[in-house]
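What follows is chain A paired twice: with chain B in the first complex and chain C in the second.
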Partner chain A sequence: MKRKATLAIQDLCACDGCEVAMADMGHVLLDLLDDKVDLVYAPLFMSARDYGEVDILMLTGVARTEEDIADLRQVRQRARYIVAFGSCATFGGIPGLANLHEQATLLETAYQNAPSLRTGEKTIPDELLSALTGEILPINAYVDVDFSLPGCPPPPRLLADFLERVLKQVTLKEK
Partner chain B sequence: MNYWFGPKPKLLSLNLKKPGLTSLLVQKTFLVNPLSTLFHVGMVGALITGIIMEILYFSSWGAILNGGGRVITWMHGGMGLLTAIGFMGVLARFSGSRSFRVASGRMFYVDAVLICVIAVSGLDLLLSILGILPAASGWASTIHVTGTMVWLLVSLFGGGFVSHAVGTVAYRFTNGHSPAAFQTFSSACSRCGKCVEVCPEYEAGNGLPEQAPALKVRRYLKQYQGSALPSERKAIVEHVYLCALCGLCVGVCPYAFRHYDLYMGLLRQVNREQEGEEVRA
Partner chain C sequence: MRTEKINVASITRIEGKMNVSINLDEEGNVAQAQAQLLEFRGFEAFLCGHHASKALLITPRICGVCPVPHHLASVKALENGLGLEPPRPVAMLRELMLACEHVSDHLLHMFVLAGADLLLPDLPLAQRGLPTIYATYPQVLRQVVSMRNVTQTIISAFGVQAVHPNAAVPGGLNKGMTEAERQRFLKGVRQVKETLLKLCDELWFPRLRKAMQDYAGLGRLDTYFLALVSDDRMALYDGTVRIIDPGGSVAADFPAGAYLDHIGEKNINYSYAKAACLPSAGASDGMYRAGPMARVNAAGVAGTEQAGRLMEKFRSGFGQVAQETLAQHFARYISAVYAIERAEQILADPGITEWEPAAPAEYKAGEGVGIVEAPRGLLIHHFRWDDDGYIRAANIITPTNANAGAIDFSLKQVAVRSIRSGQVDREKLEHEVGIMIRAYDPCISCATHALSMEEDLFGINILDADGNLHRK
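Right after this comes the complex of A and B.
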């Protein structure tokens, strides 16, 4: 009998909407977890702090900082298959709209000019922060991606169908 | 389609890579409509055997084949029959799917009528060869051949099925993200309507055709070619902002065409123009 595939869900710069879509799969998710998938890391669902080698890593969000890019390259070594999960990972998504403006304009708007800011000194933070990337790119610009699932987020039924089809295609090594 | 809990759209690609010609002809058509595969394979076969028959007829090579010409004629008839059966399936989907009708436009009717003329005359010839019908008059073969020539020309230059076939071959050899790819895709697009069906903006707009991304693609491609009229530009700008950038249209497209990149490119262009206007003001 084929063993269960180990699955991790990691987000970069993301809203976690894709994880909510996964939760909305409802009993389909529970059936998958019973029969076919061993979830080892998913911050929205469980308290695991890290993970080792996994069969399938689902990545949500975009690489917005240099640290994200480094993390991405590091997790590529640990996962046999990577899924770009959602439109952010696949195309750039809503964070990708930042590419329409200069970075200086974005930072000024967010930290100095937004109407919701309280009066007082408004500084752009720059200490102990990883540098922002120049342009927001899909994750396949940094690492090889095996599967891609668009959607913002992907509707639960589509996600379920996608997972079933991916699980049929992947080859699992015997432990 | 109810976006969240409604019937799932079927993803036609798990990796969003541009498919090859064989994959498009067989696998992707099957995923859209199994009878469409019969139609496509039959059509390609019928056109190839038809061309061979014409060459044999007008040259002396028919004698060299020593009866082989008869085999090609039977193959042509068989392919024609497959095409006709497949086309029934295409027509059935057309009548049952609003998104397919919206994406296809009026040229579908022109293609359909001409294909029916070719099919009926071809069937007359086939049944008379089989002895089921009396020997066909010369009119049947004249209508069949002339109808085919007319259809090929009208469909090629009118943006119909033949234009789609030629565009598909051309699109296969373009670089996926280049302006040439976008422009070629305006012909290659099969107008299957899957992108219309899946679009949350189309549904949110109560199914108004103006919201359909399939139509937007063609409108936007005119913009890219610089041939959009000033009156169309305002509509284009509004539609660009309506797009939710979910990218589901890419996942359900047989070509995995990058609608997303096209919209982002246009957003960039619109943004630059608006910033330019603010500076001038």
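Right after this comes the complex of A and C.
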């Protein structure tokens, strides 16, 4: 029996819609788990806390904090193929709209100007929290990616076809 | 006291990233517990400058797990400010989409996210998740996938794609439903109802009952509850907002537009989530919870047959107002059954196929509030726009903002069970914190729509009295 390909899904600053699109593959996803894919890491779906080395790493979302960038710089040697999964990872996506505003404006809007905020409760949170990146860039600014699959999120059927192709690539390289 | 960093497991199987910090007092006992939500995105700021009609496409991206309620809260906010009332079939089809989202989302949580704890209680924590559930219960997961396929397909029938939908416009929907679709969907929804009730009767509910015995009292606290009701029944898409006090009495009923008179927010210095509260009742006393249990607590009756039957069972166990944190799972089951029954009721009405394109909305300076029930609870969108229709101010309060305060209080109560005089039972702490937090089904992306920061996914930090990280 052929070895299953190992797959990890790692999210950065994201909405998790790409993971839901994967769940929406439905029976196709379960068929892949039957004989082609060994899902080893996906924090939305499972409690595994880390992954060692994988055949395919799918990255969703954008790097919004310095911490995210540090994470991205470590993944290249852990994955044979890296996929920028979804429009955020590929282009910056909707969170990238934040680039249109000064960081101070983003924070003040949320924590000082919201009409529902009570007087005297307007301190911008800073305790134990990691710093924001100056701007949002596609993830290939930080790590070399092998494939990009845009879509917000990629439709489940497109995603299924895409995975089929990448899985073929993994087995071809094995021969 | 010696200080060290403690690396406790990431809290997985929730939507987004959260750290947990526990502060110890001089004696090494729990002084304070804090859930830190580590993301920030800035939606309220970057909505400004976009045309109001674009909010319908932007706000669903707050959350890929529950995009439909964001889409609909936005369109209701626009209609509120534009003075538009959608025709009855449109309102019904929107409620159908929302009901289907509730079912899809609850199924994912009941059988995968929290389901892993209920279905695989004997597996070590790190091994619990989708692959092991599927390996152990392949047929169950196949059935769950078939059910979600029905509800997600109905959403995409209007919305192009279930995540993220593009369906509603002010006063209407981009697309109607054909009679053939109505009949096919009705058949599908009836099948889902039957499968759901059977699966829960035979497997899921007995497992929940067992978990509730194993973790009796975990994270219990007394709070207010907020949910939409319509004529004293449960409601998803439209209704009045009801505040239930901790004793179970109705404290207020108010329309969406009056939300600022009742609901406030406060910043949390250690988290990117703001905590929503009821200012009239004071800071911690004004803490409220939103979500399935709020919906069950707020409504006099469910309004559908099977959900009504389950609600009676729920009340006979927990009284008029349930406060047990783990009872939220039972309430989520009721909520899923209610939603599928509402979907069935709507689809049984041939009148929903009467659809006409809406006339393009005419914008002048305005302001509007839209409120719906998201799967995780009451969701509020509030926009103000100028004469050309461009957004000038936006405010969004999500259910997880409501639950942020309650989660901290539940956390403290859970931490006390594992930490005494500086002795920390790490395994128990980690495990029980996860069990408790998943009962709330928090959505970090939603709660931190304002901004986004991340550290290690779901670490638990324990701090000593000086605020230094402590390891025992």
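Everything below uses one rule, namely that the second predicted complex is superposed on the first by the 165 of 175 C-alpha atoms of A that agree within 3 Å, B and C clash if a C-alpha of one lies under 4 Å from a C-alpha of the other, contacts with A are read in each partner's own complex, and residues count from 1 in each chain.
One rule holds for everything that comes next: a residue touches a chain if its C-beta (ideal position, glycine included) is under 8 Å from a C-beta of that chain, and two chains touch if they have at least 3 such contacts.
For clarity, every value in this text was computed on a predicted model and none was experimentally measured.
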First, second, both or neither for A:Arg165, with chain B first and chain C second: first
I'd like to know which partner A:Asp24 touches here: chain B for first, chain C for second, both or neither. both
In the overlay, answer first, second, both or neither for which of chain B and chain C A:Thr90 touches. first
Kindly classify A:Leu100 by the partners it touches after superposition: chain B alone (first), chain C alone (second), both, or neither? both
According to the stated criteria, A:Pro150 is in contact with first (chain B), second (chain C), both, or neither; which is it? first
Dominant toucher of chain A (residue count), chain B or chain C: C
Check: chain A residues flagged as touching chain B and also chain C 24, 93-94, 97, 100-101, 152, 155
In the complex of these two chains, what residues of chain B are touching chain A? 3-11, 14-16, 244-248, 250-251, 260-261, 264, 267-268, 271
Any idea which chain A residues touch chain B in the complex? 24, 87, 90-94, 96-97, 99-101, 145-152, 154-158, 160-162, 165-166, 169
Show me the residue ranges of chain A that touch chain C in the complex, using the header's touch definition. 12-21, 23-24, 26-27, 29-30, 33, 38-39, 42-49, 64-65, 67-68, 93-95, 97-98, 100-101, 105-107, 109-111, 113-118, 121-132, 152-153, 155
Per the touch rule above, chain C residues touching chain A in the complex are 9-10, 12-17, 19, 21, 36, 38-42, 44-46, 48-49, 58, 61-65, 67, 108, 112-113, 116, 125-132, 134, 138, 141-142, 145-146, 148-149, 152, 161-164, 259-260, 263-272, 274, 276-277, 279, 382, 393, 395, 397, 434, 445, 450-455, 457-458, 461
